[in-house]
Structure formats: C-alpha cells, structure tokens
Amino acid sequence: MSDKKGFLTYLGQAWLVLTLSIAFGAALAGVEKVTRPRIQQNIKDFIAVRLVEVFGAGTTTAEPTVVKVTINGRERKVNGYPALRDGKRIGWGIEAEGMGYDTLTLLICTDEDVNVLKGYRVVIDAETPGIGDKIKKRKSFVDQFAGKDAAAELVAVPEGSKTTGNEVWTITGATYSSKKGVVGTINEVLPAVRPALRAAMKEGS
Amino acid sequence: MLLTIGLAILVMLALGVCFAMLLGWANVAWKVDVPLQLRQLTDAMPGANCGGCGYIGCAEYAEAVFRGEAPPDKCPVGGAAVARHVAEIMGIDLQETLPYRPVVHCGADYDCRLKRAEYTGERTCGAANLVAGVQGCTYGCLGFGDCEWACQFDAVKMVNGLAVIDYDKCTGCGACAKACPRHIISMVPFKAERIVVVACSSKDPGKVVRSVCTVGCIGCGICQKLNELFTVTDNLASINYDHYDAQADFAPVLAKCPRQTLIYVGKPSAKDLAAVAGEELPERVEADFKTTVDDADYRG
Amino acid sequence: MSSALKRLGGSGSFARGVHPAGRKELAAEGGIEVVPTPAQVAVPLLQHTGAPCEPLVKPRQQVALGELIGKADAFVSAPVHASIAGTTQMPSVTTLPNGRHVRTIPIKAAEEQLSAAELWQDTFGGDWPTDGLDNYPPEQIVEAVHAAGVVGLGGAAFPTHVKLTRNQAKPIDTLLVNGCECEPYLTADYRLMLQAAEPIVAGGLLAARAAGAERIVIAIEDNKPAAAKRMAEAAEGTDVDVAIVKTKYPMGGERQVIPAVLDREVPTGGLPRDVGVVVVNVGTAAAIAAAVLRGRPLTHRIISVTGDGIAQPKNLLAPIGAGYGDLIAACGGLKETAGRVIAGGPMMGFALAELDVPVTKGTSGVVVLTKEQARSSEETACIRCGRCVDVCPLGLVPTKIALACRHGDWETARRYYLTACIECGCCAYICPAKIPLVQLMRMGKAMMPKK
Amino acid sequence: MTEAKNKPEAPAAVIWPVAPGPHIGRARSTRAVMIDVVIALIPAMAVGIYVFGWRAAMLIGVSVASCVFFEALWQQLRGRRQTIMDFSAVVTGIILALSIPWTLPWYGAVVGAGMAILITKMCFGGLGSNVFNPAMGGRAFLQACFAAPMTTYVLKQGGIETLPAHAARVVDAATGATPLAVKATSALDLLLGTVNGSIGETSAIACVLGGLYLIVRRAASWRIPLAMLISAAAVGELNCLLRPQTALPIQNQLLSGALLFGAAFIVTDPATSPLSRRGRWIYGAGVGALVMLIRLFAAVPEGVMYAVLVMNITVPLIDRYTVPRPVGGPTPSPKPT
Amino acid sequence: MAETSLPGAAARFRYGILNDNPTYRQVLGMCPTLAVTATLAGAFTMAAATAFVLIMASIVVSLLRHQLKGHLRILVFTLTIAAFVTFVDRFLAAYMFPMSRTLGPYIPLIIVNCIIICRCEVCAAHQSIPVAISDAVGQGVGFLLGLTSIAVVRELLATGGFFLNEADPSAGFRLIPNWPNWTVMQGPAGAFITLGVLMGVVNLISRRKRR
Amino acid sequence: MGVVTEILMLGLATAVINNLVLAYFVGICPFLGVSRRIDTAFGMGCAVVFVTTLSGVVTWAISHFALIEGAPLVNWINSLAGASPDKPVVADLLFLQYILFIFVIAGMVQLVEMYMRKFAHALYKALGVYLPLITTNCAILFVCLIIAKRPAIGDSFLRSLVYSFFGGVGFTLAIVLMAGIREELDAADIPEPLKGPGITLITAGIMALAFMGFKGMAG
C-alpha cells in the first residue's frame, strides 16, 4: 500500500485508536468526577490529623490557600492549610518541601498571623530509620519548636548545649535531618510565606 | 460534568488524530519493507544460536539464506525438517543431504593407551597436546574432554578417557570436531543406523603403534584385501564412505582385523533416517589427522 | 655500561623481566667433553622451523660422518646429515620434547669413528682466518650454510641461510651475535665462547658479509666476564664489538637484546630484519664458519648437561640424534633425587617423558632438577596481584590473556595481544597462584581461529 | 586375536612425570602473600585493642572466625576444593573488624562477615573473581543496616562521649562531625592513635608501618596508595583555596579517619584493583579524590569505604581501556573495541 | 519453532504461575517488584492492582485482536493499559489513601510494567478471551507469588515481624522479639540483594526438580 | 547560584546521586536484560537518553498547555463556560496525565524508530533494535511523571530538560558499568543458579550500597 490515499485513509486505519481515545477519555472523566472530591477530602483529613496533634482536639481544616512565593530565586507554590476550630481560623499548617538527608515535606504550624511557631510535623520523608527519623520520633526535639518566634531566624545549636530565646538544639548523628532539614526549611520558608499569606487573607476578607 | 467529559474527549481525540496521522503517514512515507520471507526464515530457525551453520547466530544464517548466500540445509540442529521448511519459504527445491555425524577415530581408552605419564599441567586436550609424552600415542584421544566441553547438547561423554558420542543427543553441529586439537573427530555422512568406522588415527608404523596402544591400527592391510571399501595409506586404514553400503556384511572384515580397530558406531534419530532415505551420497569430508600444531616452534 | 653500548646507543637492559638464580657454576668450569659415540643415533628429519626433509638413504645403507641423508626442496628448510658413520636402519618416528611428532633415520654406529681429538680439531680447533673473508661472495656463503644444514642453535632453530639471504626491501646494517645465554643453568654458549672464540668471530664476519651488515656486535651478559674478555681478544683487529648487557632473563630473546644493545624495537609480528638487524647465536656463528671455511655440515653441537639431579654436570659435544639417555650416561647418570628431566633450559625447556629421545640441532641443554626444585603445580585462583604484568618483558597482561584462552574467549585474547607473547615464562615463574600461564598462551595460539 | 589386549607390551623406558614450563618458580604462594598481609595488620590491631580494650579483640575474633566459617561452609556446600587455607578469608575478617566501631554488638560482625564472604566474595566465584572488596561490601551492608551504631563513635577514655559532641565543643557541628572536623585534634594524637574512630583506623603510624611492609614485601603495589594520597591531598588543598571556611589543615585531612588505613590495606586489595600500571594510577587517584569529595560534600561521616566501592565498580572498564601497549607496538590487526 | 501451536487456557494458567513466572522466569516487571516489596501490604496491593489491569487489558486486547494494525498495535495496548491504570490509581487514592501514599509513583508505572504489554503481545493479541483471561490470571497469581516471597524476606529482616507499626504496638505481629532491624532491607540495596539471592534459590530448587 | 552551576548540580544529582536505576529502581528490566556486553549496553543507553529527553520535553509542554490547573486550555474552557477564575468548572485534566503521557511516549518511540529505519540506517542498526524495548521501559514514564509531579523540577522548562537528559545519562552510566562488570564475570566461576539475572541483581545491590555514599551531596 505504497500509494498515498491522503490522510483520511490514515484516520480510517486509526479508527480503533480514535474510538478508544474517545471511550477512555469519557470513562476517565467519569471516574475523575466520582473520585475527585473523595481524594481531596482524604488529603484534608490527612492534614487535619496532624493539625489536631499540634493545635489540640477539635481542629479541622479546609481548602488550602495557595500562595506563590519566591524562595532563594525559585518561584514556588506553597499550600497554607487553615487550622479551624468551630469555623474560626486559629492558625496555619504550611506545607513546605525541604532537603534533609533526603528530600522531605514538613507541615509547619503557626498561629493565625504567622508570628508564633506552634510546631511542625513531617508529612513525607525518606530519612534513614534509626538516624534521620529521630526528627519524627524524638518528642523532646519536636516539642522544642512550639512557642518560638516565627518572625525571627531559628538558631541551631549542638545537642546538649542549653538553649535560650530562638535557639533549638539539633540531633547529633542526624545533623542533616534535624539542622538542614527541619530548622533550615522553617527558616527558609516562613519569611517568604508570612507576607504572602497575610496578603491573601486581606483580599480574602 | 459534561464539560469535563467533552474536554477530555477533545484532548484525547486531538492527540489521537495527530498520532494517527503522523504514524499512518510515516508508515507509508517511510516504508521499509522488512521482507516477509526474511521474517519467516528467522522464525523457522531453531534459535539455538549454536553457530553450527557457520554463522554467528540463527538470525545471521537466516539473512544469509535470504540473500541467497547460504544453502537452506546448513542448520544441523533443525535438521531436515527445518531445511525443508526453509527451502519452501525460499521457494527453492532442496536436494536433501545426509545427516553428518561426528565419529571419533580413536578406540583406545585409558587401559588400551600405553606409556601414559603423570601430567600436571592445564587439564585440557588443547594444552596437553602441546606437551610431549602425556601418553605414548600422539594421534589418539587425550581424554581431557575438550569436545565434551564444546558440545552444547551434551552429546559427548568421556568414558574411561575416551570420547564417546551419544548419537541420540548429537545434532551434528560439528562443534566437537572443531574443538578436538588432534582432529580425530570427523563428520561423516550417516546413511545407516550404525556405520563402520576405523577407530584409530595413528599413521605410525605398526611397531610403534604396538608399543603405545593395544587396539590401534597397524596398517597390516587385511581389511584392504577383504573389502574394497577399505584402503590403507601410510599405516592407517580408511573407509570410502562414498560407496559405503549399509546392507553390506562387514562381519568378516571386523572379525579378521587383528586389533579390533574396526567398530560400529552410531544410531542417528528417525528424523535423520527419513531425511536420508535412498539418497546418493555427496563427497565425504576428509578429516586431516595432525599430531600436533606444526607452528609451535622449538625453543631452548 | 661498556664502551660499545655507548656507541650503539643501547641502555644495556630492557624493561621488566625476572632474575632467576643463575646456577651456572654447576657446569661452567669443566671444559667441553666429547661424547663417546653412542651405539645408535636417530637423526630426526625435522629439527628446524620449516618443511620436513625427505630421506635420501635406504635402510641398511652405509653412511659416512657428515653424509647427506635427508633434504627438502622448500627454501625454508635445512638438510640433515649423518652425525656418525654407520649403517642406516628402518625409518622410525619419535616425539620430540616439544610435542612435535617426526620421522627419524636411525644409524647404527660402525666400528671406526673419528676420535674425540680429531672431532674437536676439525669442528672448532685449528686456526680461523679473520681477514680476507670479504672476498667470499655472499651467495657462496649462503649456499655453503644451506648445504651444511646450519640452523639457529639459540633455540628457534630457524634455518640460518634464510636469515642471511639479502633482501633489497629490508637491508641489514647490524649483525648481532647472541652470547647472552640468559637461561639459568645453561653454559654451552659460555664454554664455546671460552674455548672457540675464533670460529665465532670468523663466523660473525662471514655472516655479516652474507647479510650485508657493516656492523657486528657480540652481546654478552655481565655475569660472564671471562667470556667477554676472551671474545674481545679474539675480536682484536677486526671491527667486531663486544657489548656487555645486564644479566636479566630473558635478555637473550631477540626482542630484548636488540633494544638493549641497539635501542631499536622489533615490531610486534615482525622480525629483527624489520629494524635492520640479524641475530645469530654464538654457536650458530661457529657453525657458519665451519660450514663456509671447512665445508663441515652441522652434525654435532654443544649441549649443557647440568642441574642438581645429575652426577657430574658437564658440557658435551654431542652428535645430533644421540639419545638424551646417552648424554646423561656420559655425565655419570642421574642421582636418585632427580625429579624432572628438561630438554633445554628450565625456563623455556620441555619436560621429558622418556630418555630414549634424540637430541636435535636446537637442543641447547639438558637440565635435571630435583623434585623440590621443580615448580610446584598446585594452583589457586588468580588473585590479580599483577606480578605477571610487572614482569612481562613485552608489557602484556598475561593473566587476562591466559584466562581468556582458558575460556576460549578469543576476542579478549586478541584485544590483549596474545600473538605478541614470546612464551618466555616470566609470568608463570613469578605467579603466586601457580597458574600455568605460558601453557595457556601456547594453547591459545594453537587453538585461536586464524583470521 | 585378542591376546594383544591381554598382554600389552611393557613400556620401553621409565616414564617421567611431564609438566609445562617454566620448570622453576618463585617460592611465594598465594597463602604467603595473604600471611604477609596479616603480619602487616598486626600493628593496627595492637593499637586498636590498646585503645578500645577487650571488646575490640572480641570483635576481631568473631569477625575472622565467621569469615573463615562462612567460606568453609560455602565451599563444602558447593562441593569445591576447600580454600580457607589460602588465608584470604582471614584477611577479610581482620580488615572488616578493623573498619567498624568498637561499640558494635557482636552479631554485627557476624552479619558483616556473612555479607562479605557469602555475597560479596563467594557468589562472584571466590578468591580473585570478586568485583567488590569483600570487607567493604560487608561494612557497607552493616552501615546501611545499623546506621546509628555504625556512625556514632563513642570515645573510650574520658568516659562515654559521643564524637559529634566532642566535635561540637570545637567547631560548629555543621560540617558533619567526624574526627575530620576537629581542627583541634593534634597531629600527634592522630599519629599515635589516641583519637577516635573505627578500631583499626585510629593510629596513622600503625597503618603506615603496615603499608610499607606490604610494599617492601611486594604484596601490594605502591602505585595505588601513592596515587590515592597524592590526589586526596590535592583535592583537600583545592578545597582550602576555594572554600576556606571549611578548610582543614592538611595533616588532619591525611592522618585522620580511615584514609591511611584504606591506603595501606584496602585500596591495595589486588583482587579488586586494576591490573595495568596506568589503570592502578587512575584507580588510586579516583579513590583519593572521591574520599575527599564525599568527606566534604556528602552526608556520610567517612568516605573511604564508599569511594573504594564506587571505584570497584569502574575497575573492569579501567582495565578494558588501559590495555598496555605491547613492546613493538600493537599487533598488526588488533580488534578495535 | 514457528510451527508450534499456542498453548490452551489451562496450560497458560499453569505456565503463568510456574514455568514462566513473571518474576523468576521472565524477569519482567522488575521495577515495581523491587520498589514495593519493602512491606507485605505494599506487595499485596501492587500485585492486586497489576493483576486487575492485566486482566482487563487482556480482555480488551483479546476482543480487538482482529482489528489490530501493525503500526498502531502498541498504541492501542498502551492506551488500554493506561486507562485502567489511571482508574486503579484514582481508586486507591480515593478509598485506600494511605496505601496510595506509600506506593507513590509506582502505581502509574504499572502502565509500563513489561509483563502487561508482553502478555498482550504474546497471548491476548492472538488468542480468544477465555484463554487470555486464564493467562492473565495465571500471570497475576505468579506475580503475586513473586512479590510476596520477596516481601516476606524483606519485611521480616527489616522489622522482625509483619504489619508492625511503631505508632500502635498492638498492630501486626512480631516474630522475632527485639530483633535489630536491618534497615538496609527497606532500601534499594536490600531489595536487589534479596531478589538476587531468591532468584538463585529458586533456580537451585527447580534444577533439583528436573533431575 | 549561576545558571550553569545550577544545571551542573542538578545534572550531577540526577545522574549519580539519585540515579534512576540504583536509587529509584526504574528501568530495571533493560538494566538486567541488555547489560551483557558493553557496546550493546551503551547503545541502549544512548537510545534511552534520546527518548527520555524528547518525551520529557513534549510531556512538559502538554502538561503546561493542557493539563495543569491554570493551563491555557483549561482557562479557555472555563472562560467559555463563563466560570469565575476562583470557582473553575474544570479544575484540571490531570486525570488524563498517564494516558496522554504514555500515548505520547509510545507514539514518539514508534515514529523515531520508523524514521531511523528509513533515514539513519547506521544509527538504526546501532540503536533501533532497542527502541521497541524502550516503550516499556518505565524509566521514561517515570521521568515524565517526576517532572510533572515535583514542582521543584517541573516548574521550569530548563530544569525539566536537564532532569530528563541527565536521567537518561544516569541510566546509561549504570547500565554500562554493569555491562563492564558482567563481561568481567564471564570468566568467573559463578554458581550455576546465580548466573545471569541472579548475580546481576546482587551486583546491582552492592552498587546501590556504594552509591549511598553520595547521599546528601546535592541540594
């Protein structure tokens, strides 16, 4: 069939592909419609669980406020999940990607106008069990973030030395996770996000 | 809802059309006809890639046949069946050939081979063949089994230091013949279940042979006298397989041979027999018995 | 570094190589003795690299010493002569130590033979002119050498007249007389240089004349000062140089001695001729002289019979075709400690399975080792220590090549230049894993599909 | 006429055993080489035991024992000739033990040995065929298995103090604390081995002694360690120029950590290093550079092990592309690769 | 050889499980095999998902096997597979959220899981629906076996038990008390080595059988 | 950080530190199957580099034109539907992501193959044979998905390009090294059951251990 019968022939040959495309397109669209809300609900619940841990029982969340911020030169989208108690926003859960021993994602919790740190939770991580995952497991390390001043830099000091003001001690043996991963990410994200979130709120209300 | 579906369909369709067009067009415009024949040929090959055909692999051979450079019956593994299949794919008529099968021209196991020295070198025939005095006979089987190693159909077994071929497993690929550094394995046309072979390769004078082997051919010439198939040239009997007649009665010769050098070997598979039913025979391949590599120059 | 080397530009040594214990003292001191004529000799019809000879004599035929008994028409070949007077026997076969299976012409000795003194006298004795040799036309020299069946006595046993024949394309400028004798134990060349320096010089001059070389160098390892001195005296007044080179195995190899002396590299797969050099062994040189000046065919050669397994180590002047047994007997037989009999030197020689095998023109020695001395053969896996790489005089990677040969992986073998190996044995000598590297290489060369 | 078979002619003469040349050889066997290595390792072991006490000795014992046991077991199961007498398993065992911290529980040594001998060595065909350095393979496995105990060094004298803390007193812990980071550690301490680290790597002198012994005995090539040290120093100095804030005094770079131990005993492992001389220079240089790069930029405390393993991967390629030129030039038609 | 006729349903089913087990014999679909076998749960889910896609795809392809055009064949296969994979992916995300988080990006990779295309090519594209289905089921079960065998070893060595969960100690069951967790087994290295060794063991056993 | 250094860092990180094969287990099948000889392994590698780069770029384009939230197409539809930007009727078409991506990859691989066979026969002989394998090499799709899912990479075209290219390079690196080792192992006395995939997997395992040394180097 070397003779050219024009492009219609090709479509003719491809009728199968085309009908399949149509069929599957439609089908998937259907699936999408059914599942989308559930999936988003799942994500919200997932976040909510962590917010509850930080802000206490009864906390819920809603659609995230997405803010565009530039962090060391690169434009990023950051999700700010509102922490709601009986409908009223009492704080933020800011979902931020960072680099520890491996890439990790934190949920940084602050009060409603991003002045005071309430704590953090690890959302996604690949840190080494036994070393890096102390940033999830060591309560003493995790808890020390509550109440720190979110407006100022956190200062990392080696484990064992006593901390004052905005200092936090980092886990020896897991410097990368604790210092670079947690402290570093918080210091990197908050300054950029704070104004953005506030701005978003202003025009929101 | 509808909007989403519509959009989805739209996108899919768009892409579908693009690729349908592109591929369809390309399929015509950039057509390279991989010839059907070639594909069939490649499929027809056993795919053992043993190289017995003398090509790197089945595919190579298939291409060679396709280009008309190779005869259709080169594949010993596939044998007659494949040969016929190939031939009809190529639409040529195939003059059936005999199944060539290896025979070991040595009948002396460890007990029959005299003057065997203790040898502590690399234990392969190829290596031992380069060292003088591993055993008295410099023509016969060394017994380290290079052929066994070479045969990928494990059709060669070493029996008390002598290579013995299992003709049920053997596919006639000839690897063993190539592997033997003493060239005592030759591929001969099997026209019968079992054929007579001269199980010796020694061209030495009878006296010498006697001193190193209890079964070797001493070139006495009795067989020559009794049966015209046999000829004795430099102290070694050989059989002319061109006129070999399966039905002929070799009992007298075998009985008369003073050294039991003449023996029956073989039993090719039914397939082979079918393939060879009533064919007249092509030239037989002459094995050239070398005692050692002649290009190893003397030093020290 | 001798003055000659300075002039020739050689460093006197080559890269890598090994230093096995020389053990030359065993047989170095005693003078060369003539073997009492054996009852029977078996003259092999193929002793050289090239085409085998066809017998010219019938069984039970009287032959005189030096009578032509076999020749071939091929150019690369050398005739063989009766090495004793006597009657020929039924032709037979024998397997030479290198595994080559050849036909022989046995000769039963007659009563009257040349006495030892006479034999020595007209082989090496008397005076040998060193001047006036230039009026021999080259063709005549080559012809005489061919007729005398002279082949390389240094090992390769390559027909010498082929080497000496001129070739317009590849002119020769230097003739290298190889007196290195780098093999441990062997002292045949050493004794020859001490006791027959003049014929060597004369032979050298003739060979140079034939090959058209204007420069003649005798290369001697620095563990043989006496020989060097003697040769220097003999070469007095001729334009023959004596070059002292480092003692190191395999200095005698032509691919080592040529760079060492002349700083020239013989191309892989090529010949010394490609760099304008012809190498002849000292014994060969003497044989050339005898052939040209006295018309004497090559019927005898000097053979070191030595080693700790032999009663009285000696150097013998033996007829070609005499059995190894005869030579050993002439040296008082074997001690019971004897564990291995080697034809040639311990590095490149071949173990003998039995003693009633004839010596050939190429046989430079018989070394008898005790069981303890013989290299142990219990093999472990290669630990890739790289010692073989560090000693290979050709800069190859022996372990790779050998193991490739073992697995029939010819592509790898080629990629690592299997064919460049000279089988000197350094790698196997040094290998802690005791892998038979050389044998694997030889096997590889034999089995590798030619293409 | 079968009597020919019945009464074979007796051999004419006595038959001597035949063997291929060369017929003489150097006496030193594989075992001799390995024993040399064991001897070379004695100083390092001694210092290790002196500094860390009986536990160190115990670990060495366990490790060696399990290595030998595993090799014996494997050969038995495979019905192969027993190879433990070539002592390479012993060497592996010692080097494995010397490269782990003394605090590791005993079963750690067993697991390491298993990985080293069974997986890294025997699976690949045993002595000489292994692509990766068995000891390092075993150690890498341990490090990935028991990361925490493998990466926190507890100082013996002066009570229990985690190394990072020890480091922290001196420098900001950012640099990934290992004795490397400790500017204050005096070169003398490093030389004598009164500093922290794995059992064997503490004393520079012990390692150097062992290394020189190996080289003099020709058990190891001098080229690889030489290349390794040079390139490590070079990279270190370059770093000093470019990033002064992280600069370390050169003697600390070279003397501390497992660098010298590696140079002496690990990169010299013949089985896992290239054959050609050029190849060995490349290999050594590669290890040296990688060690420094990993120390400076990666999140792992010490680079030697990883550097060695990474370079092991490249050895076949190095070998393949550094085929030495034969004297007299390549053969007329060498197959191009 | 060419002329050998294609095996029937029963044979296909058996082959899928033993003779050409996707993991140990055909050595296909290695990526998910290695990636998700850190835990049994992951292995099960992945196997189920793959099996589902495999079966559905086989059915569709087998249905259309007479319409397939040379140059568009692969396109049709991938389209079909991708559609079902998307479905599975969404389903997991909607109804098994935690699992879909752990399996992460490996669910979409089912699309290119060589097994599926391979089966479409080898079986579905030539044979009738029943055969295709039984083949798919066989392969699915085979895949399940492969994954499970690996996951058992890895999870046991890594945690000393199965379905354990630090969060609540009651969950799962611990086989080896205070086992020093071999964390390497959760990572790539552990996966490769485990599978390598298992492959050796399987070959050993099957060879024994043949004897 | 200068653009060049940024690119280099990302490239290094992608090819070595987060090597597709050794860190993410993708493209294992060819990694096991086509690593017997160095030259074929290299051929495969080149083909993969080529295809990853191509599909990486094209899928990036498609996502950004049609699929993601706020892509021109989506916006256009929404505006047609007269929806307000903050309450879109169609949020995004990401549910078509997989099907479209694989569609593109498969289609393109086929096109490339046809093209080569016709116009670059030498190249086809070298790479062509591997192309069909590549359709089912999950490395390609994986790269496309990473680009689509990790904003850190997918947000900028340049980074996507670099990532997809060096992803392929990483694959090539791994497979060629493996081929070198396997050629070496031809001569080794490996237990029968382990020959082939078995020993290859174990080797890969130790390689993965070795590559852990680069952890935390980049970023």
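Structure notes:
To keep things simple, chains are lettered A, B, C, D, E and F as they appear, and every chain counts its residues starting from 1.
Criterion: contacts are C-beta pairs under 8 Å (C-beta built on N, C-alpha and C of every residue); 3 or more make two chains touch, one makes a residue touch a chain.
Computed from a predicted model, the values in this text were never measured in an experiment.
Shared contact partners of subunit A and subunit E comprise B, D, F.
In summary, the chains found to touch both subunit B and subunit F are A, C, D, E. When the interfaces C-F and A-D are ranked by how many C-beta pairs touch across them, A-D comes first. Farthest chain from subunit B, judged by C-alpha centroids: A. Put simply, the chain farthest from subunit C by mean CA position is A.
Spacing of subunit D relative to subunit F, judged by their CA centroids, is 35 angstrom.
As a whole-number value, the distance joining the C-alpha centres of subunit B and subunit E reads 43 Å.
Subunit C and subunit E have CA centres that are 70 Å apart. In terms of their C-alpha centroids, the spacing between subunit B and subunit C amounts to 42 Å.
Contacts with at least two other chains are made by residues 11-12, 15-20, 119, 123, 125-126, 129, 140-141, 144, 146-147, 299, 319 of subunit D.
In subunit A, the positions touching at least two other chains are 13-14, 17, 20-21, 24-25, 28-29, 31-32, 101, 128-130, 176.
For subunit B, residues touching at least two other chains, in rising order: 4, 7-8, 11-12, 15-16, 19-20, 23-24, 26-27, 31, 115, 117, 120-122, 127, 130-134.
Interface note: chains touch in the pairs A-B, A-D, A-E, A-F, B-C, B-D, B-E, B-F, C-D, C-F, D-E, D-F, E-F. Remark: subunit C residues 381, 403-404, 406-407, 409 touch subunit F in the complex. Put simply, subunit C touches subunit B in their complex at residues 47-49, 90, 92-93, 95-101, 155-158, 183, 343-345, 347-354, 360, 362, 364-365, 377, 406, 423, 436, 439-440, 442-443, 445-447.
For subunit B in complex with subunit D, the touching residues are 112, 114-122, 127, 130-134, 136, 210-211, 214-215, 258-260. Interface of subunit A with subunit E (complex): residues 13-14, 16-17, 20-21, 24, 27-28, 31-32, 34-35, 38-39, 42-43, 45-46, 124, 128-130, 137.
By the touch criterion given at the top, residues 27-31, 33-35, 71, 74-75, 78-79, 81-83, 85-86, 89-90, 105, 108-109, 111-114, 117-118, 184, 187-193, 195-197, 199-204, 207 of subunit E touch subunit F in their complex.
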